[in-house]
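Let me begin by presenting the structure, written as structure tokens, before commenting on it.
Going in written order, the chains are labelled A, B, C and D, and every chain counts its residues from 1.
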Amino acid sequence: MIIMHKGATQEEIDNVIAEVKKLGFRADVSRGESITIIGIVGDERHIPFHQLSILPGVKETRMIETPYKLISREYNAEHDTNRIIRIGDVAIGDDKPTYIAGPCAIESKSQMFRIAEEVKRAGAHILRGGIFKPRSSAHSFQGLGAQGDDEAREALTWLRDAGRKFEMPTITEIRGETKVELIAEYVDILQIGARNMYDQDLLGIVARQGKPVLYKRHFGASVEEFLSFSEYLAVEGNKDIILCERGVLPIGKGKSFTRYTLDLAAVPSIQEETYLPVVVDPSHATGRRDLVYSMSCSAMAAGASGLAIEVHYNPAESWVDAAQAITADELKNIIDTCNHIHTIAAENKRKAFKKSGR
Amino acid sequence: MIIMHKGATQEEIDNVIAEVKKLGFRADVSRGESITIIGIVGDERHIPFHQLSILPGVKETRMIETPYKLISREYNAEHDTNRIIRIGDVAIGDDKPTYIAGPCAIESKSQMFRIAEEVKRAGAHILRGGIFKPRSSAHSFQGLGAQGDDEAREALTWLRDAGRKFEMPTITEIRGETKVELIAEYVDILQIGARNMYDQDLLGIVARQGKPVLYKRHFGASVEEFLSFSEYLAVEGNKDIILCERGVLPIGKGKSFTRYTLDLAAVPSIQEETYLPVVVDPSHATGRRDLVYSMSCSAMAAGASGLAIEVHYNPAESWVDAAQAITADELKNIIDTCNHIHTIAAENKRKAFKKSGR
Amino acid sequence: MIIMHKGATQEEIDNVIAEVKKLGFRADVSRGESITIIGIVGDERHIPFHQLSILPGVKETRMIETPYKLISREYNAEHDTNRIIRIGDVAIGDDKPTYIAGPCAIESKSQMFRIAEEVKRAGAHILRGGIFKPRSSAHSFQGLGAQGDDEAREALTWLRDAGRKFEMPTITEIRGETKVELIAEYVDILQIGARNMYDQDLLGIVARQGKPVLYKRHFGASVEEFLSFSEYLAVEGNKDIILCERGVLPIGKGKSFTRYTLDLAAVPSIQEETYLPVVVDPSHATGRRDLVYSMSCSAMAAGASGLAIEVHYNPAESWVDAAQAITADELKNIIDTCNHIHTIAAENKRKAFKKSGR
Amino acid sequence: MIIMHKGATQEEIDNVIAEVKKLGFRADVSRGESITIIGIVGDERHIPFHQLSILPGVKETRMIETPYKLISREYNAEHDTNRIIRIGDVAIGDDKPTYIAGPCAIESKSQMFRIAEEVKRAGAHILRGGIFKPRSSAHSFQGLGAQGDDEAREALTWLRDAGRKFEMPTITEIRGETKVELIAEYVDILQIGARNMYDQDLLGIVARQGKPVLYKRHFGASVEEFLSFSEYLAVEGNKDIILCERGVLPIGKGKSFTRYTLDLAAVPSIQEETYLPVVVDPSHATGRRDLVYSMSCSAMAAGASGLAIEVHYNPAESWVDAAQAITADELKNIIDTCNHIHTIAAENKRKAFKKSGR
């Protein structure tokens, strides 16, 4: 849509209409008391708004249609059905919550197996373990994968084998385009971390592996941007996308008491816009072990389809992100409580107000 | 604490120590491999850091102590006990959630009474009703109170009488220092809105009325700032402060799907820092009627002591903020669900990890 | 403008049109390939969008017109002329920059007079001095005005007399509605600080004093909000508004090297939108004495109509904000340099690209 | 540094000291009136703060030392000298500003050569041209490079040859690890875009090419994070880093008048912290052709070492970012004005206040 400046002349308006037509779209003119609006009829995703915005007399251009048609409820027949993503026996997006758990970083074979056993017993469904770690400091441990391809393969084997032994599909974060195929050989779900949300090349390569993708929102991205960039996955024909909320930049001056600001209203907002499942990562969002319980409960009450939680048998000795790791006992308490909350919240939601037309 | 520049000379260090002593504090020097730190022994709240920060050789100054000692658990004997605020039969901060409900703006006597009756029946404990409305546009309805003192008194009477009739204490937002005493004559709890969080004069006057204060976090304030400004209430000797989380500025480009970003991790973070109760306002935070249910559940799961919700029998005709008002039936569903979630979340929290030393 | 949901029925569309008409506006329907848009013909500032947004089938509502018509170039005949605000011999908004200088807080008569003399000699045009100080901590010095009305009057007298003696109009920040008239008795320009930007009651009272107002942007406000709230001043018939950019909240994690993020692109953006003059406060924005020079030059190069700078003969002993105060010698260097830069930047701007239709 | 909780016991303090020693560092204890601080003596960049932060009795941990020692003035002998980066006859970081100009995206050979000729004549020193474009929509043109390696090579050849013909070193943005070597074959300066600021793998590969790197600040990164991530380049032994400020996320609700908020105070702040040169990109920061002039002048007045500007002979037909492209005539006016402003601002800066000890 093009909004003309109040003082725009008829000549300027005609010129804009001509340009719209030249681009192959239809123009619909609407004259208000002081302002003229030119609607563009056609798929707005293909319109070069930037070119139109600088024509004489144009005040501004605005997109009216959804920029993420491929994954939106509004533009898809499956409209009212949620997409359920299945990996073996595990389903994400159905009416039971799914728990992803494991260490922040894989440290050794015994650590991997011990934690796998413990989280399985606590009720987890999917096993996570970091091999390539994005870190704030160039002087910190970057994950076993960063030490070479052999080390990466070894750690990937531990993850895969622990998953097999304890019957859980596996997930690990991708870091670097060149590692995607290597990782896809071993794990079941490919994770795109928050810092890579905007990395369209990586998105393309990952989506093309044909495996489910857990896609994390960037800490500086609006929900609209998050969904718009999901299109980079969807255009590859891969709609097995698990969206993950993990917190945005804290606002305000002074010390922040949590690492990020967990945006839980994003969960139902995204569910309203798209048919994809949404999970929440309370560990990275808060960066605080003592808040993981509350934020897990809160995410479930908000309607999340699952949680991704960092677990270590001895958090104080965890090589990475020790401050946010919890024990398997704590995880069990969270899973039990969350299952309960999820049931109550989901049941009564039927009685709650829903937006019309959806 | 003062951090000296790596290249600071002994003379510069001595000079800083002398200045600290001149201000009446003790200085504790700690020499690292490359950096010298000068600790200031005394109540940091009274230290003119800005003056010290510009002395030669000083790299930066940092506050180590809590800037909100009066309300912090750390600095108070009541440390492990939560403050329970009582207004008649209603208690905020005990182990049962408290619900504040009513119309965004009071429109007429009959509207006030009808909504009061409905929210009472739905399970609300405290009656809210806006008389002085902060609005984004100078061209919008500003509340009955803005039409003159007579209209304000009339609306205040309706609120008070509806509260009496249906046995609920009342609350309304203060807007403008000159109205504080007028409002305090009629209502039981004085609300300081988000936009006035930083208004220290208003804080002083309101606190001095000797009534409980519901104090909302500003949308641009960190939790640390929120708590630091609460000291403006506490220094007046009034510690009946109900803190209220209502969302911060959304981050990222493009359309935001909620009015603000509700920061639910702030609830347990604040509870960790202070003994004051925290409630949540899901109506203003989201600005969306269809999200009030989910965010109410979520707030309860996070451990909030209560909720403040906007209710109207006919949201579509609400003069102000129609998009976020729910009906009393919807409120009832929320209260029933939230009570249930609150019990489960609180019970199992005992088993969850807690920070040491607290 | 109302955007209907893709799946909206004809009945829903008709219903929305009927509601628009009921509100006294005309509805203009525009049907796209998949989306129907209903334009509202009339003054959008008076439309209750929130009510319309919840009608069945409505996806969202958007304002198309400028929400700050009273001060916009687009809606005013004076369109191409800038408003020049005159106080005695001083003009703000003409083609010469105006310098506002003085101490952050007035500390004593001698301090006031000494600084007044020094800034006058350095080239300042308007004398500033804080009497009521907004402070982050309840335990800090709040300005002489906070000590009582007698102290306030005394400090105001010093300011006024120093202004008279050294032939500069005066300005001080308002804090608290009840002090407006007192302050207006003594000073020539009333300043509304950043924290009070949203305080519509204060805006009304201040505007009604009939004196020029220096109005600072809140640190959490977009330019659009800043201009929209300026309407609260303009609706009182007072258009002698000097807009002041003083920095917004810093973004990102970790330490911020400046107190706020000075948004200098706001200067030409605002000039494009409104005919009001814009000045910049580099002192509060940076909080750093060593950056005042660079940001002053930068503001001038951006086209600001003036600067507001904090000056003290001995910054290290300044009671408030010592870290950002500069000396009169430093001010003189800034003024000389800025005058030079202003001339060059303004001259060649004529050759620079300008938006069409303006 | 470790800050103990007010109520920490002697046993807890001893335990923390023991843990610090176990990690191979020395511990320095400082007891205040109510708080005990444990300083860690050693290179803080290697301390696992997260592990220490969860020990019993610990309130919080804080880094005291600079996390970007390799590029800081404080930790380097070259302290007072700026690093000058030379590419052939061009020097960045000396006392003359450097101008980088060219099209946002390379569209064809003739477009490349025509713009190269024009910007050279206007006074530009370095030729830019986008081949791999990061875009917000999966449905937009992604640059010629995205169409295949042959197309990428062809476009790279045009860029290189145009640079040779008109005697300008060249620069293009890297997008994707797998393209780094290909690009490094052809261009002189490798650009890491804002969205890739956090991409540590890419940083490593790019730095190892041994060519100068233009490194852009992410729109959600603080200056501290920006500098900390620069260490990922510096640890590879490549210190030919040109830092580039290009705007951060706009704050506040409602429409933003610029694409990003250009943080010009970052220029002198960064210069204070590091010896590396800083340039500014007014084109992407504002997204508005009509603001490029003002923001260019402003950046120069702030002390930037150069500018990166998008130029097209017919902005309205530019395939990408048409709204911000300027013509070569406009560029010439900017360069002339900026050279003048730069001289004045730099000259008088000598008289301005500087921080002690630096």
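One rule holds for everything that comes next: a residue touches a chain if its C-beta (ideal position, glycine included) is under 8 Å from a C-beta of that chain, and two chains touch if they have at least 3 such contacts.
For clarity, every value in this text was computed on a predicted model and none was experimentally measured.
Tell me which chains count as touching both subunit A and subunit D.
B, C
Averaging each chain's C-alpha atoms to get its centre, pick out the one most distant from subunit B.
D
Where in B-C, A-B or C-D does the A-D interface recur, with over half of the contact pairs identical by residue number?
Over half of the A-D contact pairs recur in B-C.
Roughly how far is subunit A from subunit B, centre to centre by C-alpha average, rounded to an integer in Å?
30
Can you give the whole-Å distance between the Cα centres of subunit A and subunit C?
Distance between chain centres, rounded to whole Å: 38 Å.
Send over the residues of subunit C in touch with two or more other chains.
55, 218-220, 225, 228, 249-253, 256, 289 - these are the residues of subunit C that touch more than one other chain.
Mind pulling up the subunit A residues that touch subunit B in the complex?
218-225, 228, 248-258, 261-270, 272-273, 285-286, 289-295, 297-303, 326-327, 330, 333-334, 336-337, 340-341, 344-345, 348-349, 351-355
Show which residues of subunit B lie in contact with subunit C when the two form their complex.
45-46, 48, 50-51, 53-55, 67, 134-139, 142, 175-178, 195-196, 198-202, 218-220, 225, 228-229, 231-232, 234-235, 249, 289, 315-324
Which residues of subunit B touch subunit D once you look at their complex with the stated criterion?
Interface residues on the subunit B side: 1, 3, 5-8, 12, 28, 30-35, 37, 39-43, 55-59, 62, 64-65, 74-75, 79, 220, 249-253, 256, 259, 356-358.
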